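Note sheet for the following structure.
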Amino acid sequence: MSLTKEQIAQRIAKELKSGYYVNLGIGIPTLVANYIPKDMHVVLQSENGLLGMGPFPYEGAEDPDLINAGKQTITTVPGSAFFDSALSFGMIRAGKVDLTVLGAMEVSDSGDIANWKIPGKMVKGMGGAMDLVASAKNIIVAMMHTNPKGESKLLPACTLPITGVRCVKKIVSDLAVLDVTPEGFKLLERAPGVSVEEIVAKTAGKLVVEGEIPEIML
Amino acid sequence: MSLTKEQIAQRIAKELKSGYYVNLGIGIPTLVANYIPKDMHVVLQSENGLLGMGPFPYEGAEDPDLINAGKQTITTVPGSAFFDSALSFGMIRAGKVDLTVLGAMEVSDSGDIANWKIPGKMVKGMGGAMDLVASAKNIIVAMMHTNPKGESKLLPACTLPITGVRCVKKIVSDLAVLDVTPEGFKLLERAPGVSVEEIVAKTAGKLVVEGEIPEIML
Amino acid sequence: MNKVVANAADAIRDIQDGMVLMLGGFGLCGIPENCISALVEKGVKELTCISNNAGVDDFGIGLMLQKKQVRKMISSYVGENAEFERQLLSGELEVELIPQGTLATRCMAAGYGMPAIFTPAGVGTEVAIGKEVRNFNGKDYLMEYAFEADFAIVKAWKGDTHGNLIFKDTARNFNPLMAMAGKITIAEVEELVEAGSLDPNQIHTPGIYVHRIFQGKDYQKRIEQRTVRKN
Amino acid sequence: MNKVVANAADAIRDIQDGMVLMLGGFGLCGIPENCISALVEKGVKELTCISNNAGVDDFGIGLMLQKKQVRKMISSYVGENAEFERQLLSGELEVELIPQGTLATRCMAAGYGMPAIFTPAGVGTEVAIGKEVRNFNGKDYLMEYAFEADFAIVKAWKGDTHGNLIFKDTARNFNPLMAMAGKITIAEVEELVEAGSLDPNQIHTPGIYVHRIFQGKDYQKRIEQRTVRKN
């Protein structure tokens, strides 16, 4: 059984450590916030200028001056701080954010990522994605292993215009958990009931499989 | 009669315009603040992080957290703002400060200034002087025309290590008011009773004297 | 030192066709609503607008796009805007996309008098084309130039008659950065107070960067993505 | 996320001989008095200290100089300090003088992840020797590198348990800049409060930059130049 989007988020949450400052991208990454253990202290950064992002507001308590990078109304938690966009990307660039979780359209086996542009389609812009991938010290990508046609999104080289080079450290897909290593993707865990053979078949980039591959524990 | 230090400051104050942001260096420049007309609104910048510097505090009201760049206890005026040293020099570098008044040991006829170091003597450091002279859009130098030995401090080229190149726009000395022009020092005004001949004799750098030279009005 | 002007129309009186404007805000959060309305009213054209986003169809910079006042947008993300898309595809509108952190830092660089900055954002991507790449400590960086604008137009929460500004929450975003980068900077504020009313320790933008200020009115403050949890 | 340590001794526990330290403050204003005392107590030696000034004979960094703990000072102005002068002339102490704005901006650059910045300060002077000069728009600039330190030690007015800091008046100076530039940043504060007690709009240094924080005690806050006007 491949993981649901929620389960991908849940698995990524296991990478968190208490004391981490974390930036969660739009989409699956946002869901990671729902799986932070109650006794763990993680501070969420929103690149539009907030450290200490809280959950969505209760109905009627929405504040138009308080949104996240996805333009959603949010709240703050105690100990939060607001700042301008330059300082926000400054702390990202300086490596102060411990973990960045992003979605991707393609990842190459050398860690390149493509997630901002599809030639021929209306280009909306890269937003903060290029800054994040170029600067973050630890990037986990949350993605589907294949596209709707069943083609691998883990490639020898990205076919789409890239967002950043050699930056992805780990991938959590619906099928597997993989590290990006100098030897290529390294299979660490497989989704419950998904065979190593299936993952091998659906991974176009270089894939290293060593020893017994355990199932993902949620 | 050559001008006193107070009179040099008084003459420089005539260069101020309402709405000016001004940085006053240590020494004679500091005295300029005493001659700002009451009906003129000038904001004083102190490069340690303050816009809106006021006079010295009344006795007993000194606050160790509130000093100027000369480390003197000061006060603020309404509308003041505090900021860090990077933003302070940022606004200087960006040309937002309208006028900078500095002391000098030597000025060359191309506008170079030396005011931070005497070889053989203990070097204290340049503080913010190099930033100020390199960035200010309008620099007036307040200085004695000659050194205690009677030698000119307005030179063809600085003999002391320079603080900045081609930056001084105007000089108010105890003897004269001069502009720095592409042709060299241009004599604009002379101290009351001081002859043009005396100024010529005491100016080692190139000096342009055209027409009648009026006396300084205070 | 009193920088107060009567209203948005007065503040933007000398903005002319073909000028480069910076407009603060992130999405619809913290945008200078009053000045945008006044620009639409004035009908000034052929503008280059530097703004993180391009508004929505019927609000923010979208209103200026409807009137075809914008020749070029410089943004990091232009979002969902049908008229924008139409003009872009028809060639009426030019768009330059810039990484968000680069955009922010280029504005800041102008305010700090730094002609260029280095950032790794975009290295190895099409953003790097034609740009100088430089390696520091084993990592590649792009050299990006400071951004200046004829006018920077920002929205603050509170401001005083000397132009000191305080922003609220994430409505701060690009506003203080663009405020530093305008040859002329216009600030519209929700609450304008006398100089001396604001705590000098809490000023986000010192007044030296602000040339004109006025108290805005009728703020709509639209929410783009209203997300809530159940009570 | 609780970054509170017991006291200065605990905060500096792992500072070792030969390390590079940044110390906030301008003159004696806003200096980390408690940590300086603890460093003197600990007796750690061969330090490189990046600080705008070097204290006075019997206060601030002067106390560390008395104990010959400093190998190198990197400052913009070293002021009036007899022991400093003696060590400098005898060759016990090395001094690197840097323009004040350059010093501030190099610290800031580290906090912003920018490896180098451009400034006109020092162009054509001995400060420029060996440095890259680059012309932008007809003006020459020096390229100056970002400054990092093993430990940055700053003093704030208020701070919370998450490390968020607020500075007071001109005691802000270099403190927030150095706070951003430490591999490990220690903040001593006059008043330490629970996370949530400070207004998130008024934070000068977001806690992400601060690793250890404690409430200092017995602040002397000496005044270097007491200047007053008559009542």
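What to note about this one:
Going by the order they are written in, the chains are A, B, C and D; count residues from 1 in each one.
In the analysis below, a residue touches a chain if its C-beta (ideal position, glycine included) is under 8 Å from a C-beta of that chain, and two chains touch if they have at least 3 such contacts.
Note that this is a predicted model, so its numbers are computed, not measured.
Counting C-beta pairs in contact, the pair that comes out ahead of the other among A-D and A-C is A-C.
Of all chains, the one whose CA centroid is most distant from that of subunit C is B.
For the pair subunit A and subunit B, the distance between mean C-alpha positions equals 56 Å.
Spacing of subunit C relative to subunit D, judged by their CA centroids, is 33 angstrom.
If each chain is reduced to the centroid of its CA atoms, subunit A and subunit D end up 36 Å from each other. Note: centroid distance subunit A to subunit C, computed from Cα atoms, is 29 Å.
Listed for subunit C are residues 105, 112-114, 119-120, 167-169, 172, 200-201, each touching two or more other chains. Under the contact definition stated at the top, the residues of subunit A that touch 2 or more other chains are 50, 82-83, 86, 90, 92-93, 135.
The touch graph of these protein chains has some other shape, matching none of line, ring, star or complete.
Every pair of chains meeting the contact definition is listed here: A-C, A-D, B-C, B-D, C-D. Taken in their complex, subunit A has these residues touching subunit D: 18-19, 21, 41, 43, 45, 50-52, 76-83, 86-87, 90-97, 135. Of all the residues in subunit C, the ones that touch subunit B in their complex are 1-2, 110-114, 160-162, 164, 180, 194-196, 200-201, 203, 206-209.
Within the complex formed with subunit C, the subunit A residues making contact are 46-50, 55-59, 61-68, 70-74, 82-86, 88-90, 92-93, 112, 122-131, 134-135, 161-165.
Subunit C contributes residues 26-30, 52, 75-80, 85, 88-89, 97, 99-105, 107-108, 119-127, 157, 167-177, 204, 221-231 to its touches with subunit A in the complex. Across the interface of their complex, subunit C is touched by residues 105, 112-120, 136-137, 139, 141, 145, 166-169, 172, 200-202 of subunit D.
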